[in-house]
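Here subunit A shows up in two complexes: once beside subunit B, once beside subunit C.
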Partner chain A sequence: MATASAQRVVVERLPKSRSLRLPPWEKITPLLLVSPSVILIAVFVYGFIGATIRTSLVRWNSALPDYTFVGLHNYQRLFQLERFQADLVNTVHFTAIFLAGCIVLGLGTAVLLDQRLRGTLFFQNVYMYPLALSFVVTGTVWRWILNPNSGVNVILDNLHLGFLKSGWLTDTHTALNSLGIAAVWQMSGFCMAMFLAGLRGIPEELREAARVDGANEWQLFWRITFPLLRPITLSAVIILGHISLKIFDLVYVMTFGGPGYATDMPSLYMWVATFAQFLYSRGAAIAVVLLLMVAVLIVPYLVWNLRGETEQ
Partner chain B sequence: MGNERWSRRKFVSRAGKTAGAAFLGLSFADFLAACGTSTSGTSGSGKLEIFSWWTGPGEKDGLAEMFKIYTKKYPSVTITNSVVAGGAGSTAKAVLATRMQGGNPPDSFQVHAGQELISSWVKASKMEPITSIWNSEGWDSKIPKDLKDIVSSNGDVWSVPVNVHRGNALWYNKKLLDSKSVNPPQSAEDMTSALSQLKAKGITTPLALASKGGNWQVQMLLENNILASGGADFYKNVMSGKASFTDSKVTQALTWIKQWLPYANSDSSAIDWDEADNRLIAGTAVFHIMGDWAKGDFTSKNWVPNTDFGAVPSPGTTGKYMIVCDTFGLPKGAKDRDNAVGWLKVCGSQEGQAAFNPKKGSIPARTDVPASLFDAIAQQFMAEFKTDTLVPSSAHGSATPPNFASGVNDEMGQFLQNKDVTKTASNLQKLSDEFLKTA
Partner chain C sequence: MSLLAPAATPSRARFSPMRIALYLVLILLAIFYLTPVFAIIITSLKTTAELARSTVWELPKTLALDSYSTAFTALAPSFFNSVFLVVPATILSATLGSLNGYVLSKWRFRGANLLFALLLFGMFIPYQSILIPLVQFLQGINLYGGIPGLILVHIVYGIPICTLIFRNYFATVPRELLEAARIDGASVIRIYRYIMLPISIPGFVVVMIWQFTSIWNEFLFAVTIAQTPTQQPITVALQNLAGSLAPEQNIQMAGALMAALPTLLIYILLGRYFVRGLLAGSLKG
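Up next is the complex of A and B:
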């Protein structure tokens, strides 16, 4: 027993005493172990962001790379373009529809499912399934559904609701909203899951206490539940917001930006400028603008998150 | 115990070092392999990678026919058919651009004749001239000089034309047109009056219009109309930046489109050209202005040329032939260069073109392929190809560089919405200033 306890003491003390005289290669071991990912991220994320910024500041506007420095000329030109101006308006419009749709639907279904009625588990799964699909699949299916000659218009006709018919994706006034329908369909389930987790995390005692104080269910929701869901709502806005700003696949599949510029998005124009027009510098400039737009959304959130963690 | 701990730490430290070294070593080796341009393989064996966007019915069969001929000549070469789907090659071109910039070109790739290749990969000196192959195969006497000029620059030839499509064709539902006793229109004015007559006789949208996938179909309307209003010389001048898009000939061309739009379907952004063809077959539309790939589509849907449907040059362009031409070129650093040269020879051969074109619905670039292989409309086009003035299409990359053509696509998409002739003409001129003057 004595030897055993003596040994334990030695074992406990050893790391401290040894760390003072570590051989040099043991000091760099941890560094070597993380170096692959550090190098990969440095090159393939930050290096490439740097390369993109550099490309956006030169005159590379054909298949032949041209690294003549032109300053902010590409940006200046970009913001004068009718197409890019339309893109910025569309992005804001689309983000607004998308966020509002997802949060209202997501919160609504979450509250309903939280009532613990029969069959909630089934519907919970049903609402989540669209999330498993890629935007390309969603886009293709909704393109068919919203085709003015074969989709939902035919159903409306057969129901004698012809006055509700619309050009959907082919009409400049409705195209962006139609795109929003497909996006909300796909992502509201995700929102629902977040809100449901949030709702289940609210202690029943709080509501009980409010009920005892005489609050009705409506007041309960707006005064107790909703404020407590604020962190969840913020997370949802951030996650959905950056998806919305970068949306590409859905637009590419459903409308390719048309009719006119009605559903064009910066990401789609970035692709067209780079790979169809060979305006590499313009494409890079759009990429940088997109990065800044997403950064405006994400960076305050990360700072807020980080501060929360250190406080804890 | 001390010994065991030592060995574990030792192991971890060694593993760390080895892993780091292995990572660096491996990635460096990969890097070298990726950068190194492997030298050309020997002829008659190895591989051949052919890149194209021929995935549709007819065209992929034609490509398969050419592969058969190639395999007969070079039995030990394995062909890799790299196809990227997407109308007019929009997606394929993006994939190709990535591979060319990355120094990993296919052995030979499909490209529209002219500026699409010359303003991009030739200018970036990523192509090898094929002048010597052209001369040794004696193609000068078989392929029209107008066409050779389109695929040449600075005295060198850059690609082999495989086929010629006609961009300026008006397709019509023959039975329907006859039953309404309207004649196929010859001029743009004829077209307008034919459309209004048909509408009066109960066909609400007699003109089938497609604009899905980037409005290139509308750009074809524009270039055909410019050819009609200004003639071949004006067309070539305006497409090379020597004449202005604010010229009255261009505004006339736009005005005609504007006059025709009320007779066209309003859901054009949701349908592509083949769906517009379906409108003719269904009888909800009578006319469709489209390249002669529409014919391949009609016949594949069991419609008979000159019985069910007919074709005339698009309004006002009789005697002119809008060339939409697919070619194959030779990129520098092709892994199997010698095999690729063999492929180009098949592409330019009488045998290759006779096998490919009847399937594709185009006519051969060579004028010595027997007409009997083709249907009645193709025979008519082949005869006209020999005598007509040939002009390169801008919508299909031959007349103008891709950055211009893609900008025009956008403008035409806008034009469908705002129908503003003056604004569109001045925007087109801005594109010309930016992209044609420097070319």
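Up next is the complex of A and C:
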């Protein structure tokens, strides 16, 4: 799901006035209307998370369920595993390059497109179309471009830039960064869209006033524009950060975690442990760790957004 | 939300070194973003013999459509699987989202805020954290293995985002409209049916484009649940194409184009609504 969770939570503020009054016999109708969704989410999200936590606390390590309680044993084992330790390091490394790439490219393109040049709309569409593609398509294409024998290395040879050639995905030292290139190519447009919407929301009078006061364009950007974009930057970091923690499709398609564990991620290892090795309890433990990492990022973000609304 | 509205009229001098430099950067960036499409198109139109290293970035000498016919034969069944998955899942998740958005913006009950927050959290969870019980559950109700199970899964996990977009959409509907309808004696359901539903068509367009794109592109649920080979969505089939049937690059690229085409067309034709879904309603502040 390339874009499914590329969602910025913007909560439209509701008017301060109370809801309309309903006669007693109608009070139940709104509850009935939301009840199918409430039941589905209660079971499929919260019930299933509970079941996963339970699975992570038992000894279910074959195709047959075994619900012998073993406490936190699976977690202890997990953190001792070389593969999972590599996963955690990879996640941090990948998130850092992914965030840096998306924000630099996203902010850069947004500022460029905000210069009121002709043809802006065309470039904007070009920078954002990868968002409409799946990570599977992106992975298929970038796997070919980054193939050491056929892709970008050939271009570098033709340009006499042979020293820039690399093993890309096949080299343990460059594989994770190469994966990052494909991920940034796909998601930087999301960052651009957010920044561009933010930039267009800054009143021109504000910048004009600063110009009158003698600020140059450079000062204008760093003293006025960028500080006003700070909430958007924070949102972008949180949304892209949680996408990065969950990245699965791209790794599955481009490297399947290899070479060695060079590009392995918790999301992929969870899947392999569960559905290829039938170590259900280990898979569940990885899933819970992953959920906690995402929750640490997302829960404060949700509280921040929803509280902002009730204060109004 | 005027993100895709044309920018204001150019205000600076027509030809300045600054402007030429800006255009140069814009064009270089466009090349970076378009290179993969270029690679897909030239490679998919080549014969296998033309895939040699020396000519790999050259335009094809003749337009060979063989790889398209091979890719089409291999992927057509899964393409239609995806269509049969996406259409009902999109319509039903949008419908549920519309009802939730209506209630959560207009008929707020005690605890509505908490409920909304708990609903929204469901949109961010890594689906690995529900995957094991989900598979067990689908096996239990005999929906594991194919498209019907995936439809159910995408309806359920689509509820949070659809609710969010519709809640934001309905929040802009003036309260007076509902008050007037109440005075005329309309019930909660009649107000939805005759007032809110007709005016929420733009909301439906945004939500349905968003859901269509997300579900078409989804991979984790597809690869886990669609175990029956004849029941695979296109993302899984494309990935398998590389592994087994046809390892040649020209066929893979033709397949990639086929898998990308529906969502790409939507983006080209309805990009404005796609971006609105992406930014989930209007911006804060």
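Following the convention adopted for this analysis, the second predicted complex is superposed on the first by the 283 of 312 C-alpha atoms of A that agree within 3 Å, B and C clash if a C-alpha of one lies under 4 Å from a C-alpha of the other, contacts with A are read in each partner's own complex, and residues count from 1 in each chain.
Following the convention adopted for this analysis, a residue touches a chain if its C-beta (ideal position, glycine included) is under 8 Å from a C-beta of that chain, and two chains touch if they have at least 3 such contacts.
The structure presented is a predicted model; accordingly, all values stated were derived computationally and were not measured.
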**OP:** Go through the superposed model and pick first if A:Val296 touches only subunit B, second if only subunit C, both, or neither.
**Re:** neither
Original post:
When the two structures are overlaid on chain A, which partner does A:Trp144 contact: first (subunit B), second (subunit C), both, or neither?
Top reply: second
Original post:
Touching A:Leu234, do we find subunit B (first), subunit C (second), both, or neither?
Top reply: neither
**OP:** Of the two partners subunit B and subunit C, indicate the one touching more residues belonging to subunit A.
**Re:** C
**OP:** Mind working out whether A:Leu72 is in touch with subunit B, subunit C, both or neither, as first, second, both or neither?
**Re:** neither
Subject >> Contacts of A:Val92 with subunit B and subunit C, given as first, second, both or neither >> reply: neither
**OP:** Please indicate which partner A:Phe256 is in contact with in the superposed arrangement: first for subunit B, second for subunit C, both, or neither.
**Re:** first
Original post:
When the two structures are overlaid on chain A, which partner does A:Asn61 contact: first (subunit B), second (subunit C), both, or neither?
Top reply: first
Original post:
Looking at the overlay, what does A:Val272 touch: subunit B (first), subunit C (second), both, or neither?
Top reply: first
Original post:
So, A:Leu169: does it touch subunit B (first), subunit C (second), both, or neither?
Top reply: first
Subject >> Residues of subunit A contacting subunit B in one complex and subunit C in the other >> reply: 7, 11, 14, 26, 29-30, 33, 36, 143, 149, 271, 274-275
Subject >> List of subunit A residues in touch with subunit B within their complex >> reply: 7, 11, 14, 25-26, 28-30, 32-33, 35-36, 61-65, 82-83, 143, 147-149, 167, 169-172, 255-262, 271-272, 274-279
**OP:** In the complex, go through subunit C and note every residue touching subunit A.
**Re:** 1-4, 6-12, 19, 22-23, 25-26, 29-30, 32-36, 39-40, 43, 51, 53-54, 56-57, 96-97, 99-100, 102-109, 113, 115-126, 128-134, 136-137, 155-157, 159-161, 163-164, 167-169, 171-172, 175, 178-179, 182, 187-189, 192, 213-214, 216-220, 223-224, 235, 238-239, 242, 249, 252-253, 255-256, 259-260, 263-264, 266-268, 271, 274-275, 278-285
Subject >> Partner subunit A, residues of subunit B touching it in the complex >> reply: 1, 5, 9, 12-13, 16-17, 19-20, 23, 90, 93-94, 97-98, 100-101, 119-121, 123-126, 211-215, 266-270, 401-403, 406-407, 410, 413-414, 416-418, 427
Original post:
Along subunit A, where are the residues that touch subunit C in the complex?
Top reply: 1-15, 17, 19-20, 22, 26-27, 29-31, 33-34, 36-38, 40-41, 44-49, 51-52, 55, 105, 109, 112-121, 123-138, 140-145, 149-151, 154-155, 158, 185, 190, 193-194, 196-198, 200-201, 231, 242, 245-246, 248-249, 252-253, 267, 270-271, 274-275, 280, 283-284, 286-288, 290-291, 294, 298-299, 302-303, 306, 308, 310
